[in-house]
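Just passing along the structure, written as structure tokens.
For clarity, chains are labelled A, B and C in written order, and residue numbers in each chain start from 1.
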């Protein structure tokens, strides 16, 4: 009986000792944005004591949960069109720009170059071995093993998958016809495994030899994965670096009149597989003002924080547009 | 020939035991080595958002504790019913079977059930939903052990109580239960140990939180779910934190189990 | 007071029934849309989340541009379930529906459990026999306690160890992936061994010494005593422990979630990744709604019924409750 009493007392005292009222906001969705939101929410908490609890569950979940009113904001890499936003009573704005890399695990081969032809072949399942001619053609000074390519993709409904397949659709007619851009794909290649979240894919690539998959730059970098140098739209081979992402990002057309709807992958120059990540906030949500406060803090004061983790922060002009958008929507 | 087969069999049996123990030892060794590596005061004084485990450890204990507190009276009363009032009727046997079925139900199914009746209608995850899931998992254990422990109480004790005119209620609560106290306590501890280590039923009922919280009506932190999340992160630091959490979790569970055995050994005269 | 007390106990006991009935009912009701949509065919369908075009006629298949060369931006974007939350709307107007089938997870669940049984039974039996018949009690006692404590290790630990250490170990020996059906089955086996061993050891220790001693007196070897005296006597307890372990492995989520691979395709060889019902459930809840959510409940119902059957069988063998 003393055990029970002690427990009850313990529970009681904890409840008493709860922190003074601080804002508590729940968000979920894109795992692509997770490293950024985590960095921001940590700083926000340390500076203001307000809690922003973001769980990476995939863009599909982010869209669904915020539409259903289960969370205060959703993270998605797949933007929603204005009429959809209106129907769901949501507002949308970009928070960061990032890149999706081809991370791979082939021992002894760093700086692998992949042409559009090679990428298309691997994705469509027509190229199955690492020492295929199409891959060898661009990597003449490297010894490629005769091993099957293990493709790692997402198991959950992913905005990263969407952005990636958007890029593939623009880059390859057959992919566009056969599959298109989706959050969940029936991948043509047969030798494949799935990971949950960008982090899951990164972990899977790390632990499986001869694997290749699409991972956001932040997670690939954190995991120390090799990232392929790929052929871009103007047929130059581009290394995935913040510089090449920025070059690509300048072509992004983020317009508040369209609720910033934009798919920025496969731009004319720069690294081709880039995407913006967006926040979805309910227009009439009870915590929406808190959410906006958080993002305003993040974008105006801590924007550079996410560059360290591997994102391209939104340019000043866009941030001003976003603030105007918030005001226009009555949330600022 | 017989002797040879005998030797062979004994050798096989010993080898099998060695293999089994080897793997289990490997797991424990890994757990200790990796878990201890990340152990520091920081882990206990900071929350997940700052790379510690304080909020999730407390959260796990709170949810398991509350579930146990609610489960104790329900479980014991049900156990009393089975043993003292049920007799040997078919209904009693049926309820015993039900209890066993529930005890062996996959914990993810329990989580799914609670998701449907609590999380979906309320629209968000909550500590209470997690508590409900844990409660459902632990009650059958308490029922079963109470039932078994009460069975061990000598009939004479009950008869003596009734002979001096005590009511059944009085006899049960003050005599029988008191006699079986240690065994019942063991059952409670074992049930607590079981739910404190559960992950699946909490995944979508209480969710996960990186912040300190004692508000059971909202998303609630838990050690097990956080270990699951941490272990799949590409960040080496987070994985290490996951191992530390796993180590602490296992230590907790083992200590509680040992306590339970100690208590039950005291009853075995 | 007396009556109140009795009523309270009755209430508590009936709560068990209520919970079980409620679980079955809720699972069934939530699964109903999926059951109506897919019927029993769900059990034999192997596709998961694949879109099937329902309308034909003049609609341009999604993805093809008019001109063929110059791309206008969003022609090929698959507006899937973004336009509608609860996807009852999805059928109306989009011209496609999503097909779900449980065959891959069901097969994965069954085979991973079978592999687990294949490896755990001999080892657990070996341990049980070792502890009760072979080892000196100075060894048997601490090892026995160790085994029981090991049985209480949370399953997530097995999963983590499997992912980081055991999976690569197996992949090194057998080739194939670090996450696969084989790794999942073996991790399950290791998880279940202490549980099975402890229960079997208990069953074996109920054999009266007299019986064994009589056999020894007649000149039987240890093997013969175990084979012909101990096992037959403890048979129902041992088989019961096997079945209970089977049930436990069947419903195991965390140990398997890390190491089975999570892909909706069959493991053509045992070292390929695949999926299992508990893992699907663990991974998919937050992103599913409408029909895809109902499908998950359908899966949960199937698993629930499966474990129900297994427990029923165990009860049949465990007829004698101590």
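Just so we're on the same page, contacts are C-beta pairs under 8 Å (C-beta built on N, C-alpha and C of every residue); 3 or more make two chains touch, one makes a residue touch a chain.
In this text the structure is predicted, and so the values were computed from the model without any measurement.
Distances between chain centres, each the mean of the C-alpha atoms, put B farthest from subunit A. Chain C has the C-alpha centroid lying closest to the overall centroid of all protein C-alpha atoms shown. Note on chain placement: the centre of subunit A and the centre of subunit C lie 32 Å apart, centres being C-alpha means.
One inter-chain figure worth recording: subunit B and subunit C are separated by 19 Å, centre to centre, where each centre is the mean of the chain's CA atoms. Centre to centre, using the average C-alpha position, subunit A and subunit B are separated by 38 Å.
Multi-chain contact residues, meaning those touching two or more other chains, occur in subunit C at positions 163-164, 286. Each of residues 68, 195-196 in subunit A touches at least two other chains.
Residues of subunit B found to touch two or more other chains are 232.
Of all residues in subunit B, only 2-3, 5-6, 9-10, 12-17, 19-21, 23-24, 26-28, 30-31, 73-75, 77-78, 80-82, 84-86, 95-102, 104-110, 112-113, 115-117, 136, 139-140, 143, 148, 167-169, 172-173, 193-194, 197-200, 203-204, 224, 227-228, 231-232, 242-243, 246, 249-250, 253-254, 257-258, 261 touch subunit C in the complex they form. The touching residues of subunit A, counted against subunit C in their complex, run 28, 57-58, 60-61, 63-65, 67-68, 78, 80, 84, 87-88, 150, 155-157, 166, 169-170, 173, 176-184, 186, 192-196, 204, 207-208, 263.
The part of subunit C that touches subunit A in the complex is made up of residues 47, 49-50, 61-65, 68, 71, 73-74, 76-78, 80-83, 85, 163-164, 167-168, 177-179, 261-263, 273, 283-284, 286-289.
By the touch rule above, subunit A contacts subunit B in their complex via residues 4, 7-8, 10-11, 14-15, 18-19, 24, 26, 41-42, 45-46, 51, 53, 55, 68-71, 195-197, 199-200, 202-203, 206, 219-220, 222-223. Residues 49-50, 58, 62, 65-66, 68-69, 72, 123-124, 207-215, 218-219, 229, 232-235 of subunit B touch subunit A in their complex.
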